[in-house]
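The data blocks that follow each hold one structure.
Across the two complexes that follow, chain A remains constant while its partner is chain B and subsequently chain C.
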Partner chain A sequence: MKFITIDKKNWAKGIEKSRETYRLFGPVKDKNGFFIRDLEKDMLPDMTCNDSVMSVKSVLFPQTEKILFASLNEAKEDHHIMKRVPFDPKQRAVVGIKPYDAKAVELVKMNFDTDDYRDPYWCDAYEATTFVGVGINKPGPFDFSTSTGTGPFSETGLDVLMADLDDAYLAKILTDKGDAFMKSCGFDKVADEKESLALFDILRKEAEKNISSHIDSSKLKDKTVLELHEAPFWDDIAFSCINCGTCTFVCPTCWCFDIQDEAKQKYASRFRNWDTCMSPLFTKHATGHNPRDSKTQRVRQRFMHKLKYFIDKYDQGIMCVGCGRCVKSCPVNIDIREVCKIMNSYVKSN
Partner chain B sequence: MDTCIQKIREIAFQLLDKKEVERVIGFSNGTIPMATSPITIASKQDTEKLVFNSTCGLNLANYIRQQKGKIAVIAKGCDTRNIVTHIIENQVKRDQIYIIGVPCKGMINKSKIKALFEDEIIKFDEDGEILNVESSSKKEKLNKKDYLRHNCSLCQHRNPVIYDVLAGERVEEQIIDVPYPDVEKIAAMDADTRWGHFQDLTKNCIRCYACRNACPLCYCPTCFVDESGPQWVGKGQDKTDVNTFHFLRAFHCAGRCTDCGACVEACPMEINVRDFTRKLNKDSLDMFGWEAGLDLTKRPPLDAYSPDDPNHFIK
Partner chain C sequence: MENPYLPYPVRIDNIEIATEDKSLKTFKFVFINPEDEKKFSYHAGQFAELSIPGIGEIPIGIASSPVEKGFVKFTVFRTGVVTSHLHNMKVGDIMGIRGPLGNWYPWDKLENKNVVIIGGGFAFTTLRSSIIYMLDPANRKKFKNIDVVYGARSPGMLLYREELYEWEKRDDINMHITVDGTNDTSWKYHKGFVPQIVEQNAPKADENTYAIICGPPIMIKFTQPALVALGYKEHQIIMSLENRMKCGIGMCGRCNIGKELVCKDGPVFTLEQLNKTPKEY
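Take a look at the complex of A and B:
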């Protein structure tokens, strides 16, 4: 295992140097908090970010992505033939993301990259991207990531995991991609492996100790889908919901999308946009039939997908990384931790 | 306002006990600091769950449509104005709704309080006019009046305008000499600056529609942005489409908006959605002497013909 020490005085210069090879993404402070954005020239990832309003999801899966286009000019031979928007092959690096967001990328991958199907847009972006994470020394009160198979110093999904040591970063190189990124920055001061391992261990334990929020999802797997689906608590959970898309949009693991075609004069574009199961339009059929016509059905869909269907389909835990964004952003304070508790402890009464 | 909660619970208990209403809609405590959540209560034992404080910024008039049987609702001044609007617009019948009116001294601006802290708030309580707020790194004692939401600081209808019972003493109404300072400020900008202001306002909009869905006025069975045949507006993040949503929604609320602030309260991006609606409220006042939701017997200005209409084209 290779560790590298980066003096913070050299940080900006190194990140700048990496631009020769990489298109950079990272936390940027805006009006109401941090966002993970494309870092334009002279912008550095804001490493003071403790958590971001929006997750890293959009780097691989933008809220609106033009995927195909066609000419509608019938004089042209290839008119009406959809073609893929050329993919920018330049390597990308997301710098300064949190471990739970990297774990979320791995969960989303299960949907976009399967044995049967490979989503070219997501997968190409994924393969071109290096994930440089930074451990969370002081997790906030909404972070329940240790209950979801990740944690403040989890390595899942990352190519590099850095620890913030005030005046320096200690970087643990986890993959060849991570090694290549560090080299492109010119960061090459190797740190002692044994000491570094011990230091990471201390930081991880300290950070995990500070996590005050926990959930128990252990019983969900053995429950039957229909019993949970038909449980009596959904109307109560859904009552306050206004069916906005906030929870699904801020969620790093919500992957549903909708396809839209737009045409202007003789040019047609096909877009994919984030969709949200909270919307009455979600999976509405062309016949007019709506499989989830009521608010309760939609709210149930979100939680059943995250906390039951996903477990049943993949057997890889729940579809939630414990970032707490939905808990913080929900306008009516529907709290996935509470819903998980209700579902996990539910026993059908006869 | 904390004293009125006992009264609210008593009233709710009596109503359910005597089966005068089937359910009571109010607020319950949230799971995180500075949060409360709308709740519906059908059993008198559950009335203990009801709370009312300065974090109840959503508008419960949004929850009373399409309810079966008679229901009671806890309503601040602005909520009652939206109930009036609902009745005028035939969304509810007056005799279906038992209104537990709450004279209100304003709701707090949560974003402004959060901005005082670098880390997350872990504790919040209010003691009369004092707010005690705490994060892991510091504690603050704040005067509530300095942290009111902007709409509450300019509110001239703190007392319920329609009610079956009041859960507290009436409060003194504020006298506001300049009711639309924000609109005047934007109106004074030159065209480019003003356009820039609105461009910047919607910059982070993610089109979650929390503003629309928290708004009691937005009850169209299918909103124009959701219409697909024909489709009126693109559904992506194109700036023109995002702005079209905000502009059209605001116009659809013209002469109906009570400035309750639920849209701003709900927005996860802290967009001051009221910058769109307030100009139309001001126009309604200036041109028609109209404030929405004050009178059950009057039609809203855009819904009525009047020979006194200030616009010439209509005469």
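Take a look at the complex of A and C:
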């Protein structure tokens, strides 16, 4: 295992150097908090970010993405024949990603990269991207990532995991992609492996001790879908929900999308946009019939998808990485940790 | 692997008004690149996304049959933005088709079985595809008795009328055509709702008989008890579902019933499967 020490004095210069090869993304602070942005020239990832309002999902899956276009000009030979928007093949690196967000990318991959179909937009972006993570030394009160198969120093889905040591970063190189990124920055000061491993271990344990919030999802797998779906608690859970959809937008594992067309003069575009299962339109048929017409049905869909359907479909745990964003952002304090507890402990009474 | 969002370009080759109220039209499409027809190799029961650049896409059951070559056919009800636009398009116009999508009726399992096809209203498109497939000289001997119960509000609302009346004359398929009501004194077929005609005319179930149902929710709801009364078990009742869809490839997340996605794991399910999932369709 290779470790590299990066003096923070050299950080900015190295990151700038990597731009020769990479298009950079990273956390940037504005008046509403931290967001993951495309880092324009002279912008650096803000490494003071402890948690961002939005996750990194937008790097691979933009909120609005043009996927196809066509000319509607009948004088042109290829009019009305749709074509893919060219893919920018430049390598991308997300710098400062949190380990739980990298785990979320791995979960979302199961949806977009399947045996039957490969979503070329998501998969091409994924393959072009290097994930340079940084461990969370002091997890916040909403973080329950150690209960979801990740944690503040988890390596899943990352190419590099860095530890913030005040005046330096200690980088653990996890993949060839990660190695290539570090080289492009000119970061090459190798650190002692044994000492580094020990240091990472201490930091991880310290950070995990700071996590005070936990969930137990162990019993969900053995319950039947219908038992949970027909359980009596959904009206209570959904009671205060205003169906704003914030939880789905801030969630790093929510991948549902809509496809919409636009035509301007003689040019047609097809876009895909993030969608939300909280919206009645999400499932409304053209006839007016809506299989999830009530808000209780929609709230139930969100939690059943994350905490039951996903388990049954992939057998890879729950579709939640414990980042706590939905808990923090929900305007009416609906808490997935509470819902998980209710579902996990539910026993159908006869 | 190819881009599953990219439609095959097609040209509208023919448009027929399918019902007397003109709310349904049958579109015949020809692939602009002949090699795309091979790629669009489908089974009866599958659907496709009809794709109009700048307007949008709609999931529609394939009404032509795999044994019909050189074109694909779809019968479309005018109801929303895309279908209304499509109804105003003309022969020669260029658009796209994405597919084939979803699963199909279980043709392997249905070999050497009696098949009862039950359809209502304009949900007869993939059933037409199925009947043409089964009646093809190369396929007919693979199946035992074939019964078809098909009903619409009035004679003029029946889809594919010419074909229905042709099939009626054959002795290798038992047609039970019905209408809710008609003043036409020359009407020589059944009058009455589909569930009632099923109860009176469909064969009783033995272990070698399967029913395929496609129709509006109300018809399905009342046909189920009729089939149960005739002895059909949950695994012998095969249904094709509809849900709102966008991607058609199991990714956009809206058409699920539990963990099953109607677009990719369906649209064809047995009642046995459906009874284990939430009824969100």
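We adopt the following convention: the second predicted complex is superposed on the first by the 350 of 350 C-alpha atoms of A that agree within 3 Å, B and C clash if a C-alpha of one lies under 4 Å from a C-alpha of the other, contacts with A are read in each partner's own complex, and residues count from 1 in each chain.
Basically, a contact is a pair of C-beta atoms (placed from the backbone, for glycine too) under 8 Å apart; a residue touches a chain by one contact, two chains touch by 3 or more.
Bear in mind the structure is a predicted one, so any value in this text is a computation, not a measurement.
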Three-chain arrangement built on chain A, chain B and chain C clash or fit: fit
Touching partner for A:258 - first (chain B), second (chain C), both, neither: both
Which superposed partner A:240 touches (first chain B, second chain C, both, neither): first
C-alpha centroid angle, chain C to chain B via chain A, nearest 10°: 90
First (chain B), second (chain C), both or neither touched by A:9: neither
First (chain B), second (chain C), both or neither touched by A:90: neither
Contacts of A:114 with chain B and chain C, given as first, second, both or neither: second
If touched residues of chain A are counted for chain B and for chain C, the larger one: C
Partner chain in contact with A:280 - chain B first, chain C second, else both or neither: first
Touching partner for A:41 - first (chain B), second (chain C), both, neither: neither
Closest Cα approach, chain C to chain B, once both complexes are overlaid on chain A (Å): 6
Chain B and chain C contact sites that coincide on chain A, given as residue numbers: 258, 260, 262
Residues of chain C that touch chain A when the two form their complex: 1, 3-7, 9, 32, 51-57, 79-80, 83, 93-96, 217, 242-244, 246-247, 249-259, 264, 276-281
Touching residues on chain A, where the partner in the complex is chain B: 30-32, 35, 50, 53-54, 62-64, 138, 140-142, 236, 239-240, 242-246, 249-250, 258, 260, 262, 271, 273, 276, 279-281, 327-329, 331-335, 337-338
Of chain B, residues touching chain A in the complex: 30-32, 35-40, 58, 62-63, 111, 119-120, 122, 136, 203-204, 206-210, 212-214, 226, 228, 234-238, 265-270
In the complex with chain C, residue positions of chain A that touch it: 67-68, 70, 72, 79-84, 111-112, 114, 116-121, 224-226, 229, 255-263, 268-270, 272, 275, 277, 282-287, 289, 291-292, 297, 301, 304-305, 308-310, 312-313
